[in-house]
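Think of it as A, B, C, D and E in the order they're written, each chain with its own count starting at 1.
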Amino acid sequence: MAIGWYLAVSALIFAIGAAGVLVRRNPLVILLCLELMLNAANLALVAFARMHGNGDGQVFALIVMVVAACEVTIGLGLIVAIHRRRLPVDVDELRELRG
Amino acid sequence: MALSILIWLPALSGVVAALWPARWAPRVTLAGAVFTLGMAVGYVVSFDRGAPGLQWVTDRTWIGELGIHYKLGLDGLNLFLVLVTALLFAAALLHANLRDWERPRLFYAMFALAESAVLGAFLAQDLALFVVFFDLMLIPFYFLIGAWGRGDRVRATTKLVIYTLVGSLFMLAGAVATGVIASQGGNSLSFALSDLAQVQLAKGTQEWIFLCFAVAFLVKMPLFPLHGWMPDGYRAMPLPVLAVFSAVLSKVAAYGFLRIVLPLFPDASAHFQDLMLLIALASILYGSILAFTQTDLRLILGFSSMAQLGFIVLGIFSLRPEGAQGALLQMVNHALVVVPLFFIVGALAARAGGSEDVREMGGMAARAPVLAAVFLIAALANLAMPGFANFVGEFYILLGVFKAKLVIALVASTGVVLASVYMLRAFVGAMHNRGGAGVESRELSLGEAATIVPLVVCVIALAVYPQLPLARSQDTVKASVRSARLVANAP
Amino acid sequence: MTPHAPHIDWAGLSPVIALTVGPIVVLMAGLFRREVVRRAVVPVLTVVALGAALGLSVWQWGEDKSIVSGALAVDDLSMFLNVLFCVGAIAAVVLALRDSSAEEAGHGEWHALLLSAVLGMVVLAGAENLVVVFLGLELLSIPLYVMCATNLRRSTSLESGLKYLIVGSVGSATLLYGLALIYGAAGTTSFGGIAAALGRDGGLASDPLTLTGIGLLVAGLCFKVSAAPFHQWTPDVYEGAPTPVTAFMAVATKAAAFGAFVRLFDVALVDAATNWAPLLAVVATVSIVVGNVGALGQSSLKRLMAWSSVAQAGYMLAGVVVADEAGVRALVFYLAVYLVMNIAAFAVIVARERETAFGDDIRSVAGLGASRPELAWPMTLAMLSLAGMPATAGFVGKFTLISASVQNDYAWLGIAIVIGSMISLAYYLRVIAAMWLTDAPAVAPRPVMAGGSPELDSTGDDSSAGDSSAREPGPPANGSGEGEPGAASLGRQPEVVAVAVAFGAATLVLGIVPSPLLHAARDAGRALGLL
Amino acid sequence: MSPTTFGWLVLAFPLAGTLVVALGWRALPGKLPGWIGTGAILAAFLASLGALLSLNGREGEHAKTVASTAYDYANTVGVDANLTILVDPLSVFMILVVTGVSTLIHLYSVAYMWEDRGYARFFAYLNFFVFSMLLLVLAGNFFLLIVGWAFVGAASYLLISFWYRRRTATRAGIKAFVMNVIGDVGLVLGTYFIFKHTGTLDFVGAFERAPDVFANNDGDLVAGCILLLVGAFAKSAQIPLHTWLPDAMEGPTPVSALIHAATMVTAGVYLIARMHPLFERAPAAADVGAVIGCLTLFVAATIALTQTDLKRVIAYSTMSQIGYMIMGVSTGAYAAGMFHLMTHAFFKALLFMAAGSVIAAMAGVQDLDRMGGLRRAMPFTFATMVIGGLALSGVPPFSGFFSKDEILLAVGDRGGWHWILYVIGYLAAFLTAVYTFRMIFRAFYGDPVPEARELEAGHLAHAETPVNPMTGEEEDTDVGFPGPGHFIAEREWPMRAAMGVLALGAVVLGFLQVPHATHVVDHFLEPTFAGSQFATSQPSDTLLWLGLVLGAVLGLGGIAVAHLLWVRRPELPGRIRARVEPLYELSFHKWWFDEAYDRAFVRPARAAGTWLRERFERWVIDGALVGGPTAAVRAGSSFVRSIQDGYLRVYAALLLFGVIGVAFYFLVVST
Amino acid sequence: MAEVLFFLASLGALAGAIGVVAVRNPFYSVLALVGHLLSLAALFLLLRAEFVAAAQVVVYAGAVMVLYVFVVAYIGGEDRPIGGPGPSFPSVAPLFAIALFVELCVATLGSGLKAIDGEGAPYVAGFGSPAQIGELFLTRFLLPFEVASYLLLIAAVGAVILARRRRGLEDEASADRMPVSVGDLFRPEPGVGTQAESVGVLADQRARAARQQDEGW
């Protein structure tokens, strides 16, 4: 398969993830969508690594996984904190700050 | 070095005033201003008329990376402006001493800082340094007007400061561009005026930079149509502040044209000569006509100043030595005459129950002949009656314009007529006719006289011997208009 | 094939090591049960770690090397920025001494996060590899996401944390995708390799793949420096976050992101400059306009500062745009200046937040000139400096930026900076006007004056200041009876005032004697080997 | 001593008098200010005589033109504005007339102004005026001329507004000042035109160079001379700049006598005479002067016929007489013009003084309608008034007869269209006799009014409450209004002395210049006008005798007509008036000049000012220039903040939007 | 063969992605993501990234997703409508996505790089093997490797701070016994579990102390 196909799939996943961030109101799901975006990047990285035949991309992808895990952790921690604070777990209702 | 002392002495006195007990603040700053005045007089006395170029030059590198020098110097162009600044600040501080101010330490410190900034702007021989002082002037005035002003002071101050800073910021851009572009031909980056004068910028570059500077200066003066801040600002300012603001700050702008714009941007000056003359002309007529219909004495003086500054710009942009000489003299004259006039307005308001509306005054001459006399002298001087140095200034200005653009001189001369109308109207309205209710005719108090009379004496002295500044400025003025004149007269 | 462990230049790595060890130590110290350890020793240790990093960075001044297999650059630019991060962090530590956010999070953890964020910045600013860029960015962001939310009692703090996290992650993902595309185009992750690839193959610098990658990078980095239209998180997060965190975030994040910006764009991608520079200039202009316009009419000071930071980011982008030594110098100098003036302003906001019932509303500083000149002056200087008035550092900063723009035929960008400054006057002056030209609002501020003059209160209560104030929880005021002595002693907050005064004075001093800093900035500017 | 030393002294005395009286106003007791003022002017008169003698003693070419520079006043960049005086026969002639008449008027005022609360101020002003006038006359260059020119304007303003709490007086003052400033501006601009070519402001230098640099009727020169004429017209109350003079009668009567009759208003005549080397190279401009002079003399005479205010009648007659002089000097009759200037100074001052006496007797009333039968009560005043009237009417052998006829003779001698001027001149001479004696008859003949009766009984009438004679407003007698005392010549010797001397002069001065007999004035002024192309013209005797007879007949005829109309058949004027109502209206409303100016200048200016202030300032200066950008920024602000609506998803959307936009840009620029 | 596998795997990945976005119940979203991740791992294998694929399955589908499931369970996967009231723009969100997709495709397809149309560089033995990755991590990417581990530590600390229970913040009734901290879940990896634990202990102690002092937050 040409590398271009992988990249196209990656782009599509990225776009879907982005769309998900825009349409979903549950922060949990938004975090999932962010995962999608990061994974799209990962796919691109791995595809490029294959294309160039060097390991940089794969290493990068591994690092991204770590980072994604960290973001998820923090994100979930925040969601838990918000839930504990009895605040709505809905990004549309968190708009005390504006203007 | 010596000039540094002249500049920073007032600021130093302001700092001392801010640190010492409040009751000393007025005296300390006044003493500082008087010392400064003494030094300025000393400079005038020991000024070498024959020597070309700058005297007592201080030149240090301030910010080497940016080519900014701390360069000061006196020559015929700023000699008397410095003297007048020192004199008027001393007078204004004396006037301020006559009453109590809230938070006196801050007030006097700011006042003194303002003097330093103005002196710095006059003495700066580096473009960036000039810009620094030019903007710095405004900060103390922001506080002085905003905190001790009257009426809708915060709004008026904000409007004033933003309006004038808008101009200043344009100038900042223009100044930076001047220095940077001048350094592009392999010259080292330097903002010293003497270095910049060596480099001739391309005409197109000169033109946009000229406009930047022109906006800054025209707003500061202010000239039509950039005077939007003026009515509110004038109404809001406390009197001593207003006096120096109107007298001195506007002159810094006019001085900037002579010191910076004409020598550095001669092609643009010639290119925009007609535009500037028309703006000046419009200011003369507009200011005169509005002064003619105002009833607030401050605004009469404000619009009258606008007209007078129109004359000054007219003289400068005749691009002839006569006009520029006249403009320079007129700067001194106008500064010298407008301050006593504002003090007189204060004295009148004190006698008319606080109102500065000329309709609520009248008949005040009856028991106050000295007040009437000084008011009359100042008013006549302000309307440039022949015999006063103001007339000499206008004579030279109109002569310059006459030689450059005949029609403009003819139209501008109607401004002289209108000036007589509004000044006499103000004088008569306040001093003559029957007094309104609540107007008392009271002679000048000792304190009032101490601030007003010496200035009027100065006006008279200058009327008797205007040659004093003229002789000292003529070489510098000629040099400053030379290149622009050459361009303007080229076919 | 035996792998050889890479040579490690320990001297060059020393600031990083200091900042790695620091959090661990602080975290440990935070476990001690004694209050004094947590309250006093932890901040002191934090400051020691930061001081060590700062000192080591200064020690490494003048070096120009690449360490740990080309991962990090140790040169004047990164060292200069390291100093900025450390100074900003030290100020944040001091400002947070009595802050409830550190209390909430636990002192050890809070300070460890702070140090980690600084570490992330150091890594980001020195990064010479795409992977390191991404990691540095995340290492600075993740602690900040948490720190924003540490004021758990305020819903806005949580809200700001969540917003920052989500929008920030979108930004990171974008950046990451951009990095991936660049990697795909160049085939390597090291800056040197990318620059070489772009230089080698002329077509690559204008290849859609490269350029789209650059575009995504621009978006990601602009997000971090909060340039419009990637700025929207800024006001909300700045307002919601605990104020010391906001202060730190405002100055240090920006510096780090700009560090990465110049290194990435002016080194790795400099061959594509003809393509990205005009766009960045446009982004700068949009930021200037949007930031300044948005700040108008804000009543929350933190929000105002946030919008102002959007505008300031626009000014600073000009330094990136011109992509030469003068530009980097101007940018770096402005970053330092920006740090100084912002810290001064935030210190005052912190002080007033604790002293009045108005929070960070502009009313909290009303009449400050009369009541507390020692706070009013730093704020005034900061505002004047932000507005670019002469005799303040901001003036010199703008001067250098405009100068750099004009020098590289971006005169119109200089004009844009100038016009932005004009708009900005309206809100900066509003703050000054509130302090000097209006009287304090009629509602009594939180410190109770019943006992007489505030001076009396504080002098009598200095020794117990630490303890009683610490128990004073965050707003809103809870107890009328018990809170009083603590509140009164808070009235002075010497450490906050000291920060305000120190940074206010620095604003003035840097405006009058900018040469030393400009020298340093020039060295930093030369580090990249640009024209 | 050299003539210039005397010249400086002439200037110094009045200036010293001004300063002493002005600064010592509180310290000087009683009438001392008056005497100091009078003494100063007397000293100046004596110094003038000294200058005369000193000048006469000098022999040789150009010896009679002496200049002296005190110091460089404003001498830079090629503009030689120095403090220079020029003493030559013309200026000596003028300073003699000025100081002489001034001394007498000061003397008169010592008594007349007594009890006015502004006594010292009055003399300070009056001395200042004399100083200014002398400065004007002695000025040796254009610059100083302008200074003196403006100073007299200012002095005139001060004295017109002397009773400054009268709104009528202050308004008249402003009017006079502004008109004078118009004149100043004309003078300045005229100077520019001349200076542009001659390169010097100095009279002697400029006149020397004029023939070299100016062609005959050179455009710039004509323009310059016409602008100089504007100055002359404004100062000398010539059409169209004359409207201030009648209003200037608001000032105290001695002021009218001195400034608005004898001296200042003749400055225009002096100016033209002084500038004759220029005017002779610009005949077009000179013709303008002649025509305007003629027009003025006629219009003023017609207006004077119907006015009822005593002083205004005399004021119009002044305008008219100055018209003669302007016409004269503009047609080359310099000596004749100057001669008429001198005689007119005497008899017109006399007439005003007499009028002042009458007004005092009427307790401030100036309206002829309210006067009558004062002849017996005020014999001295009556006599002097008649002498003055006869001189004014040109009845032989009074002084006016000779001087006026000499002007008209020279005009007639020019021939061509000047004949029209000649005819109008004599027509106006007839009218002059009519209105002069109309005034005298109406004031002194007929039934005595109550005031006259009271005076006959030995009491000087005093109004119960003083009123403004123009408006009837009630006044007090404090400073700023006329004082409580009224003084008439019959009772005050200084007044009588002054009037007596003037009356003598009005009778005998004509003999200085009797045709074919004496030529004192001609000879004296000869050195000044030697270079003139008209210096040698000698009119024919036919014309001379025609003029003399015509003048005598018209003068006497006019008096006869006046006698018929206002003494013998008092009902006739009303019938005539009804017959020629439009003409009467034209005359009575002063040819509607004031109304026309009001409509053409004052109201538009005021309307423009109001419009600019109320509308333009608000809409354009504040609205468009300040409000426009502000509104734009505000709109931007509310837009930006409306996007910042707190929705996290919106933020993300904008972020992605930015990403898409940026990527789009890069795709577009990519290859 | 490879084409078929690619087709299947990418179909799975896309379906999973769409599932994440489109399914209303967060729990199903998580499951969709797991599917997505597994498909992605397959793609990685096709790209000869064995180690990455393995890590993907172990770390993501294993650890991280478990965390998700826990939290979803804790929060209670309320069904929030997609879109619904709120900002009015979401209708254009798909457009954004499409635009983004198009742009990225144009970037890759329009690129002048020949390699994109190829199947990649010639396969070298050991490419993508743990050995190669490990070597890279210990040589060229030593610093990222260390920093990444450090990042995990910090993330753990952060999570502890956020998710720790505090008195007064939550409703007493719902204060069921929770894991000491979500950070515990990371204990094995960075090896700082004691840290997290002690923090949690400390929190309890502090809470007790606070109660004793009765300051009442």
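We take it that contacts are C-beta pairs under 8 Å (C-beta built on N, C-alpha and C of every residue); 3 or more make two chains touch, one makes a residue touch a chain.
The structure presented is a predicted model; accordingly, all values stated were derived computationally and were not measured.
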As a test of understanding: of all chains, whose mean C-alpha position lies farthest from that of subunit A? D
Taking the mean of all protein CA atoms as the centre, name the chain whose own CA mean is closest to it. B
Please flag the chain sitting at the greatest distance from subunit C, going by CA centroids. D
For the interfaces A-D and A-C, which has the higher count of C-beta pairs in contact? A-C
Per the centroid of Cα atoms for each chain, what is the distance between subunit B and subunit E, given in Å? 68
Between subunit A and subunit B, what's the gap in Å when you average each chain's C-alpha atoms? 64
List the centre-to-centre spacing of subunit D and subunit E in whole Å, with centres computed as mean CA coordinates. 101
On a C-alpha centroid basis, what's the spacing between subunit A and subunit E, in Å? 7
Where in subunit D do residues touch two or more other chains at once? 641, 644-650, 652-653, 656-657, 659, 663, 667, 670-671
Where in subunit E do residues touch two or more other chains at once? 86-87, 89-90, 93, 96, 100, 103-104, 106-108, 110, 112, 116, 140-141, 144, 148, 151, 154-155, 158, 160-162, 166, 169
If I count partner chains per residue in subunit C, which residues reach a count of at least 2? 131, 135, 138, 142, 145-146, 149, 152, 161-163, 166, 170, 174, 177, 181, 184, 203, 207-208, 211-212, 235-236, 426
Show me, using the given definition of touch, all chain pairs that touch one another. A-C, A-D, A-E, B-C, B-D, C-D, C-E, D-E
Subunit C to subunit E touching residues, read off their complex: 1, 3-6, 8, 20, 23, 27, 31, 33, 68-72, 104-106, 109-110, 112-113, 116, 119, 123, 129, 131-132, 135-136, 138-139, 142-143, 145-146, 149-150, 152-153, 161, 177, 181, 184-185, 203-204, 207-209, 211-213, 471, 473
Could you pull out which subunit B residues touch subunit C in their complex? 62-66, 103, 106, 128, 131-133, 135-136, 139, 142-143, 146-147, 153-154, 157-158, 161-162, 165-166, 169-170, 172-173, 176-177, 179-181, 184
Contact footprint of subunit D on subunit C as seen in their complex: 162-163, 166-167, 170-171, 174, 203, 206-208, 210-212, 214-216, 218-219, 222-223, 229-230, 232-233, 235-236, 275-276, 279, 283, 289-290, 293-294, 296-297, 423, 426
Give every residue of subunit A touching subunit E within the complex, in rising order. 1-20, 22-26, 28-29, 31-33, 35-36, 39, 42-43, 46-47, 49-56, 58-59, 61-63, 65-74, 76-81, 83-86, 89-90, 92
Please output the residues of subunit C touching subunit B within their complex, sorted ascending. 329, 369-370, 384, 387-391, 395-396, 398-400, 402-403, 406-407, 411, 414-415, 417-419, 421-422, 425-426, 429-430, 432-433, 436-438, 514-515, 518-519, 522
